[in-house]
Amino acid sequence: MNRSSNVTDPSSAVLDAEPAPLLRVEHLSIDLPGPAGQVRVVDDVSFTVAEGRTTGLIGESGSGKTMTATAIIGLLPAGAAVSGRMAWHGEDLVTMAEQDRRRLRGRGIAMIFQDPQAALDPTQTIGRQVGEILRRGGMPAKEVRRTVIDLLDRVGIPNPETRHAQYPHQYSGGLRQRAMVATALAGSPQLILADEPTTALDVTVQARILALLRRVRDEEGMAMLLVSHDLRVMAHVADEVVVMYAGRICEVGSGREVLNSPAHPYTRALVVSVPAVRSKTAIAEPLPGNPVSPAERPSGCPFHPRCAKAQDRCRSEVPQMRQVAAGRQVACHFPEEA
Amino acid sequence: MSLIEVRDLVVNFHTRWERRRGTKPNAVDGVSFTLRPDETLAIVGESGSGKTTVARCVVGLQARQKGAVLFDGAPVGPVAKRPPATRRAIQMVFQDPAASLNPRMTVRSIIAETWRTHPSAAPDGRSWDAAIHELLADVGLDADVATRRATALSGGQCQRVSIARALALRPRLLVCDEAVSALDVSVQSQILRLLTGLRAARGLAILFITHDLGVVRQIADRVAVMHQGRLVETATADDLFERPGHPYTRKLLDAALDLEGA
Amino acid sequence: MSAIAARPRLWPVRLRSTPTVAAIATVVLVGYLLVGLIGPLLIAYDPVATSVADRLLPIGAVRADGTVALLGTDGAGRDMLGQLVYGARTSIIIGISVVAACLVVGLAFGTLAGYLAGWTDVAISRLIDILMAFPGILLAIVIAGLLERSMLVVVLALSVAGWVGFARLARGLTLSLRERPWVDAARLIGVPTPVMIIRHIIPFVIGPVTALATTEFAGAVLSEAGLSFLGLGLPSATVSWGQVIANGKDYLDTAWWISALPGLALTGLVVSTGLLGDHLTQRLGTSR
Amino acid sequence: MTRYALRTAATGVLIIFGAATLVFFIMRLAPGDQALVLLGPDATGAEVAAARTRLGLDQPLPVQYWHYLTQLATLDFGESYRFGQPAFELVLSRLPASVELTLVATVIAMSGVVLGALAGAHRGRWIDRGISGFALTLYSMPPFWIGIMLILVMALQLRLLPSAGTGTPAHIVLPALTLAAPFTALLTRITRSSVADTMAEPYVQRAYAKGLSTREVVTGHVVRNAATPVVTVGALHVSTLLGGAVIVESVFTWPGLGSLLVTAVANRDYSIVQAAVLLIAVIVVCCNVAADLIAARLDPRVRLGAGA
């Protein structure tokens, strides 16, 4: 735990064009015990989350995006082996003592989950759950109540004075997700991890929740790490995006650039698969095959079996991340012109 | 003439107690529409709008309180009471790819089951295996999939098998209930391509239930928008997206996200 | 896919049961089975013959005729080892018969109630409610006590309430199974109801039901012992552990082994059944 | 909530009615004439016939059944031929002893909830393995044998406690311990699985994400959620406890309902069997209603009438 050395580590000066990084993930790998031995579900992943910005983690099933977020909050299942570094204010989350990590959870780093229905305790009032972290922090009951009502008001829950005493089953899906956001805000975190925060919601509600997330990020000056498979959500919210496939990073860059002119063949395929609503698009030329799970990751570039441009080199050699433009990195031997 | 006509459909899931108090709204409330033999009609709506319930009424898996479903002009009831020919003609593809297939059965026996139940649809003059391989090829699967079970297949492959099972009976209407919603984006377009290809090759009518407006725009001829159990607007796809008539449709379109124009 | 694909549970990790414990339990069970089935062929034992000279011999003592009473004798001079072996047979026969009867009836009623719904379901469910609430052993006491004494009556008395567990489990599973898309798909095709139940429902019910069968077996063995202990049910000529324990109660001061040994044998049988059952429940079934 | 209470009450009535019906048919199926049992083997044919008429045994079955039900409704079970007293009074007089025994046993068995919660919260660790093994063994021992072994050790060898009868508080220790044993094991197992299931719920994960410690998560979110199944399943097994009492009372010659029932069954004392079975059914129903009310208190979804 040579914590101070992490800050001055020369290798960390790779992606520094943007604002100061709040969280710097470096060469993160996660192994989980599977039925057939250890499986590397996240492999050599590096990216940064900058203060006041939203970083999007894009990926399909089995891409390792949720595992990465879970590693950051420190709730990986027992038996998971983590290597690499996660630098947070000069400290490494990977080697940090569990007690310190716990203190960080909710206060430094908060998390919003996919399914607000399942993530709220059905036997406790919303107000109690939103205020739990404050109460445990020793705030007097009266003040907790006032803060909770204020929080509920800020996330757009109407009539917070009556609503805070209600139970989750009395809330609609959208309101529940708002309550989850309020819970996350209660600890005044610097970083919010949002794991598919709108996937379980209807279209009309989704747009409002995304607007809310953007608003609270701006108001609080927080950083946000948004995990999603939905490129449309990313296009709306993410400043930077990280595209993952089979546990590895394909592409990193600003959201606008990556989604407008993808450099990695996989990102390109994803982008063209998204049907547009406001203009009629033909159904995209589909990628062959299925997303590969980390357990059966092929040699070389994990994407090569589905890639039209794959050469011999792609089958044998793992492509390293390389800079193709300012703030833009791609792990491909033959990237498209960005 | 229309292939399917739905008239004033009313469905609710009330208990006797709730029916007596009459405070709970119906799940489907007075829905009417028609579907021509070669068209793709999409029913769009948010969760709880009743779109899936309408689809289940059409195929006969859901009982209705009022209204009628007409197939070829003749009223049809619950699936168990339909004549075998009608039953053959209307097939369905479900949302959850893995759960659509009995995990204990091989793909071969899943398809063979349809022919055992409907001998009239069974291939004559050829071995069933050859026919199954041909059917699998039609939906873009290798012949060796026939000996596998759903647990050994990916989501996209399961959905292809589901489609093959439906096609085995040479149906005239395919009801797709959120058939691509659970798939990864990169697989979703595979299945959409397959469906549009089959529709052209076999002259299928498709009733497509979804919440994804982008997908609707890509494949639907006509669109019906549902909101809280009622049909608020039915229009051709182009009309609906260019000139939405109902305020709710407009709200839905406004809320929909696109990659561009963020 | 991300929306629906099962994500790994983050906390806590579900532990696999340890196969070694289950393996040991299985070996022990097979041992009991062998003793119960083959033992009576090897050991000549007459439950009615008494010998005053050999009364209350301790473990390992020598009888009047020079043979060794390995596990001692009881108050009537009968060999304890013989009683244990014959008692094992009784317990196993009754346990298996009760479970078999209950499984067949419960599975049939439960799947039918769950699949057909409507009035069939209401009727069967109410019957299940009534029998669930009422103490099964009490019912068995009343039935076995009032009717003629025989093995068949005991099996019947224990089965009257025993099938309910299977029926409840099978009904619950069937109710959730019939909502599965593959069942809907089969209904759309028009697969006949019997084929539907056998091919699309039963294969998924049978695993948890097997796990439950071990619990029910243990319960049946314990209840039978209880009935015999009270002197109800089995004819006196049939050796039963419960009865032996009851007989030994009068000699607790002088001959503890008469009551203690059959109880130990019983506990061993039920513990190993329970271990196997827990293992099966984790692998095949639901927790309740 | 009203609807919920109504349904619970209806199920209760059905259970009592079902128990009564079952007893009726078993009695009709039983070998030997009730009149003969009543009068003894020396009775003349005319006496038997007269008794049969008096008991209504010569009527068709549905009429007998109706007659039986009206008798039950008025709590008129007839006289015990053996004790010459009204059966219901006799049964009632034995009730307090049984209630006393069952209550003490229940209090002892509550330790199972603590053990189960410990095991469930530490699933897979040594403490879980130890507690689970203990519970399984306890559950696997026939209760009457536990009783006899307790008598052997505590009463006969160590001479600490009396082995039978009533009177002093010491008398209740062994029977209560015996009766509590399987119920403790049961509660341990139920609580363990309920707590372990709750620990795996998403909202518990989320509680960890708030930075709570395991202890805070358990006290704050697990206990209340895990309690509902423990209460409902536990109540369902109160019948197991009552069933156990029947046997345990016989072991310790405890003057309760259970030992009375066993004697009555052995002697074919039908009036007492009827009265006792019905009373036990009523007790079971009361326990279930109580459990439902507690569950409703614990779970706002039930209390506030959310659709299940």
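The chains carry the letters A, B, C and D, assigned in the order they are written, with residues numbered from 1 in each.
We adopt the following convention: a residue touches a chain if its C-beta (ideal position, glycine included) is under 8 Å from a C-beta of that chain, and two chains touch if they have at least 3 such contacts.
Note that the coordinates shown come from a computational prediction; the quantities given were computed from them, not determined experimentally.
Asker: Which chain's centre, taken as the mean of its Cα atoms, is farthest from the centre of subunit C?
Answerer: Farthest from subunit C by mean C-alpha position: A.
Asker: Counting only C-beta pairs in contact, which chains form the busiest pair?
Answerer: C-D
Asker: Averaging only over C-alpha atoms, locate the centres of subunit A and subunit D and give their separation in whole Å.
Answerer: That gives a centre separation of 53 Å.
Asker: How far is the middle of subunit A from the middle of subunit B, if each middle is the mean of its Cα atoms, in Å?
Answerer: Inter-chain centre distance comes to 34 Å.
Asker: What whole-Å value do you get for the distance between subunit B and subunit C if each is reduced to the mean of its CA atoms?
Answerer: Taking the average C-alpha coordinate of subunit B and of subunit C, the gap between them is 48 Å.
Asker: How many angstrom between the C-alpha centroids of subunit D and subunit C?
Answerer: 20
Asker: If a residue has to touch 2 or more other chains to count, which residues of subunit C qualify?
Answerer: 1-3, 5, 9-13
Asker: If you look at subunit B, which of its residues touch at least two other chains?
Answerer: Residues 155, 184, 187 of subunit B each touch two or more of the other chains.
Asker: So which stretches of subunit A touch two or more other chains?
Answerer: 60-61, 75, 229, 291, in rising order.
Asker: For the complex, give me every residue of subunit C touching subunit B.
Answerer: 1-5, 180-182, 184-192, 199-200, 203-204
Asker: Within the complex, which stretch of subunit C touches subunit D?
Answerer: 9-15, 126-127, 129-139, 141-143, 145-148, 218, 222, 225-226, 229-232, 242, 245, 248-249, 252-253, 256, 259-260, 262-263, 266-267, 270-271, 273-275, 278, 287-288
Asker: Write out the stretch or stretches of subunit A touching subunit B in their complex.
Answerer: By the definition above, subunit A touches subunit B via 60-61, 173, 202-204, 206-208, 210, 229, 231-233, 235-236, 256, 259, 269-271, 273-278, 280-287, 290-291, 306.
Asker: Quick one: in the complex, what on subunit D touches subunit A?
Answerer: Per the touch definition, subunit D meets subunit A at residues 201-203, 205-213, 216, 220-221, 224-225, 298-301, 304, 306.
Asker: Inside the complex, what are the residues of subunit A that reach subunit D?
Answerer: The touching residues are 73, 75, 102-107, 110-111, 113, 115, 118-124, 132-133, 136, 167, 169-170, 183, 187.
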